[in-house]
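Per-chain residue numbering starts at 1, and chain names A, B and C are given in the order in which the chains are listed.
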Amino acid sequence: MEFVAIVTVLALLQYILFAILVGKARGQDGVAAPAVAGHPVFERYFRVQMNTLELLAALVPGLWLFAYYVSPTWAAGLGAVYLVGRFMYFQSYVSDPAKRGAGFGLSFLPIMVLLVGGLVGAVLALLHR
Amino acid sequence: MEFVAIVTVLALLQYILFAILVGKARGQDGVAAPAVAGHPVFERYFRVQMNTLELLAALVPGLWLFAYYVSPTWAAGLGAVYLVGRFMYFQSYVSDPAKRGAGFGLSFLPIMVLLVGGLVGAVLALLHR
Amino acid sequence: MEFVAIVTVLALLQYILFAILVGKARGQDGVAAPAVAGHPVFERYFRVQMNTLELLAALVPGLWLFAYYVSPTWAAGLGAVYLVGRFMYFQSYVSDPAKRGAGFGLSFLPIMVLLVGGLVGAVLALLHR
């Protein structure tokens, strides 16, 4: 399970990096807290962080359920695809929100495989016990 | 623990369904990313997804702590009540935000029972070890 | 692991308390759902809740990975520092958003220690197995 733990931490550190970049954009674009809008470039950084938070809520339980009921190695591999997809998403969203599709797909699809795989694995474990 | 795993995945898939409906409303109501406001119907879908994310952060750890320290069967049952409550919340919020109370209560109360039950279970385990 | 479970539940209950205060501010400041802006005091409460959600996504996995790979006692202790820091963050943000720095630091730094410590612990476990 060590690889799953490592991928989990890397996904959380990547997310914290995105959050730090939001804080930086807040300063550069002059958007004072508590506002989260008012400058289009700040809003892109902010939406990348929020969308990453939205996916993390499903990624982390998905990683561990898939690892437990299906395969830790495949769970870690799918998590690595997520990590690459999220960096692509970040880069494309900040440069042009309309081009965020590929990076989104590459970070969203591994989560769907983890969740559906984990569900099937848990149902099979229930039937075979 | 299989039922707890299954309920966890179903809660995450329900949340992803709400997120997909936000994406659809984004297209239909003409709200281009990174904006998250500008059309009242889009905003309802968006708030349902966000509120569901807000509850998931507490639901998932609550499910597993309650399952471990109290009862996996009751954890899964409370999770099933949450699932039904969330669908009610979605339907009522989208049709009229003022009527979201019942669905909110039916998805929020199981989480409170899971958390308080898990806390009591963990304290008792600490005292009896 | 009981102390880690207890700190996890307390962090989630603290977050739910912040969410309840958002609901109260929504009523007092006349911000009807689905709006999440329009009154500066409401927006401060809302941002405290959102920022706490943003940190919880990293805190909860960090607590358990650190507890498993490094030390449950230290994990619980770092979680207790987070709890105090979050209350400071709440109080300072609501009175003056510009003074939120200390409370933010005291709740963010324990999470970084948990994540980096958990990562190092998992890598060492991988090398020594």
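We adopt the following convention: contacts are C-beta pairs under 8 Å (C-beta built on N, C-alpha and C of every residue); 3 or more make two chains touch, one makes a residue touch a chain.
Predicted model only: the values in this text are computed from it and were never measured.
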Could you classify the connectivity of these chains, where an edge means two chains touch, as line, ring, star, complete or other?
complete
Turning chain B onto chain C with a C-alpha fit: angle in degrees, nearest 5?
120
Interface check for copies chain A and chain B. Shared numbers divided by all numbers used: above half gives same, below half gives different; which is it?
different
Between chain A and chain B, centroid-to-centroid distance (C-alpha), Å:
19
Per-residue multi-chain contacts in chain B, two or more chains
37, 53, 57
Contact residues on chain B for chain A in the complex?
2-3, 5-6, 8-10, 12-13, 15-16, 19, 32-37, 49, 53, 56-57, 60
Quick check: in the complex, which residue numbers of chain A touch chain B?
37, 40, 43-44, 46-47, 53-54, 57-58, 61-62, 65, 68-69, 93, 97-98, 100, 111-112, 115-116, 118-119, 122-123, 125-126, 129
